[in-house]
Amino acid sequence: MQTLYLITTGGTIEKVYLERTGSVANIDTKIDQYLRMLRLPNLRIRPTHIMNKDSLEMTAADRERVLQMVEQKLKHPAPVVITHGTDTLVETGLLLERHLRRLKFPVILTGAMTPLGFERSDGLQNLTESLLAARLLPPGVYLVIHNQVFPIDRVRKDRKRARFVWTHARAKGARRRAAITPRP
Amino acid sequence: MQTLYLITTGGTIEKVYLERTGSVANIDTKIDQYLRMLRLPNLRIRPTHIMNKDSLEMTAADRERVLQMVEQKLKHPAPVVITHGTDTLVETGLLLERHLRRLKFPVILTGAMTPLGFERSDGLQNLTESLLAARLLPPGVYLVIHNQVFPIDRVRKDRKRARFVWTHARAKGARRRAAITPRP
Amino acid sequence: MQTLYLITTGGTIEKVYLERTGSVANIDTKIDQYLRMLRLPNLRIRPTHIMNKDSLEMTAADRERVLQMVEQKLKHPAPVVITHGTDTLVETGLLLERHLRRLKFPVILTGAMTPLGFERSDGLQNLTESLLAARLLPPGVYLVIHNQVFPIDRVRKDRKRARFVWTHARAKGARRRAAITPRP
Amino acid sequence: MQTLYLITTGGTIEKVYLERTGSVANIDTKIDQYLRMLRLPNLRIRPTHIMNKDSLEMTAADRERVLQMVEQKLKHPAPVVITHGTDTLVETGLLLERHLRRLKFPVILTGAMTPLGFERSDGLQNLTESLLAARLLPPGVYLVIHNQVFPIDRVRKDRKRARFVWTHARAKGARRRAAITPRP
């Protein structure tokens, strides 16, 4: 049985429609009810909900809290999936990459362009992909979304097209290589 | 843009409910309409539908057709995903593993316990996982289902629990290792 | 607050897909979870589940049980909705019409061609329509399905087209007329 | 085959989520794709889309346009269903009631608290109910929503509870009575 830490922070993926105001907002975490739609017989998810923020409203202190939570979880190493608003997801991811040392498992950020449960939502797809990538990727910090896996220092959001794209510059120059072994 | 071959053979994942008889059956492929629910901006899927069979009715000749189709596709190497009934999926997978040589990409079999579009279906989850695993796994033949990745010679179906489980014996003794590099 | 009796008997509308056998069957009532998808702020539904039968397997004794249950409920008059397999729904409805006397509210039978929760199911539509028709129809026994309201002695199932159609003969010759008054 | 005029004006029922702005808005009509989820074998819907407005933004001229469209359609009498934002739906309905004379069929307004296709949406329920009520109600102007049928001069929106409630005063004093006859 694989353990996985799931850290939720808000973002579009968890937005809900508010009938009184006719708008969408981050009120509370709602990923749990969608996770129940997946079959995960060999995965023990340990969820932690730390904030309900549109990522455009996240402060430096908020990102610090995400980092601290990941560091705390990794005292007992296991893969981490973080759901996050897409607008500043890369910024938080880069902070994590700079500070997390000697990772034994991948840390995966994901989110959605349309909230979970809304028509044409990509939320459950991205969650499904992230939970699988958490089993397969080598240690490192990634964005997993729309059938793509980006090392966090290779990606930026293309807002007009509502998707993420590769950046050409690569900080460390070298390709990342690691062993991958499917295992029980 | 990554190319991927999708070979569909029937199985529970593609069954439909027939109103005249009140039963479920494999009539035609229906994966296309569910693939449209996924965002795959960087994946070019080339689908081939070869039969509409409950896998309990697949003959040796049917499995041979699957093998030949994979061999034909791999003249232009790319990852392969095969949707298949779960009852004899492992049998077909083992045939592929015995005959496919010098794979450059993974060949992934998947299926579902409940048809796509039925309440509590696992079909879209398994399809989503397989399309991501096709980007990440090293060459080899696998079953990808329910957030799990099984080398095809390490798995069997547990019918009572409607899931797949690891087998302890391992033909080749050694762990599979390979380089994994997320790339555009 | 309007009270309504909901009597469930099985039929296609409540069938589930069984993963072990790959077939559909009536195992238990499942209408409750679908009713929760409807907003019924002014309706108090009193559900009674009496059997789990494909209506082709209903016996004369089974139909008698349906009649007795309706008679028992109507000691405190209120509209009645009965979910039932479509193959012999009319037969049960005609039995009810022959025996129920001095109705003060409508008794509505409904069902589905495809089970609730399966792709393209008509179950929730028929349920929604029946719950509204229960507020509007004059006393009598009806089939409500697919945006149609049939007095029970004017309808037969057209199996080839998976729908119900009007019969031309009308036992009593006269048109049914009654007052209708939307009320709180 | 019954003809029915469907007039769409925008409102919450037709709002969509916009990925670029993270907000919901009335961009275009989307009821058609949801109507295709219903089985309406004996109904010929003639749709007319006249505007994409949140009903809080509807002007007196907009309401006049709705009235004129209904009057134009009723040159060939048939039931009318109008989808409309809930905030000023009653206002438009009262205008219709004041001006429509000698109705031969019901004119039904409906809408939704949550857009069609969003989790927990009431849109398809209200549409299903309105299409059935259009067959059953006597001539008059109504709101049909949440399993309730309100004569338009007896209802107001309770915004806090996101529902409609009966008003006690009744302009004309008398109860409406009319013949109802289910017919092919």
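Labels A, B, C and D are assigned to the chains in the order they are written; within every chain, residues are numbered from 1.
In this text, a residue touches a chain if its C-beta (ideal position, glycine included) is under 8 Å from a C-beta of that chain, and two chains touch if they have at least 3 such contacts.
From a predicted model like this one, the values you see are computed outputs, not experimental measurements.
**Student:** Report back the single chain whose CA centre is most distant from the CA centre of subunit C.
**Tutor:** Result for max centroid distance from subunit C is chain A.
**Student:** For subunit B versus subunit D, what separation do you get between their C-alpha means, in angstrom?
**Tutor:** Roughly 47 Å, centre to centre.
**Student:** Quick check: how many Å separate the C-alpha centres of subunit B and subunit C?
**Tutor:** Between these chains, centre-to-centre, one finds 42 Å.
**Student:** Whole-Å distance, subunit A centre to subunit B centre, using C-alpha means?
**Tutor:** Their C-alpha centroids are separated by 26 Å.
**Student:** Find every residue in subunit A that makes contact with two or more other chains and list them.
**Tutor:** Residue numbers touching two or more other chains: 113, 120.
**Student:** State which pairs of chains touch, listing all of them.
**Tutor:** All touching pairs, sorted by chain label, are A-B, A-D, B-C, C-D.
**Student:** Under the stated contact criterion, what part of subunit A meets subunit D in this complex?
**Tutor:** Residue list for subunit A touching subunit D: 12, 15-17, 19-20, 22-24, 54, 113-120, 159-160, 162.
**Student:** Of all residues in subunit A, which touch subunit B in the complex?
**Tutor:** On the subunit A side, the touching residues are 37-43, 113, 120, 122, 124-125, 128-129, 131-133, 135-138, 142, 144, 146-151, 163, 166, 175-182, 184.
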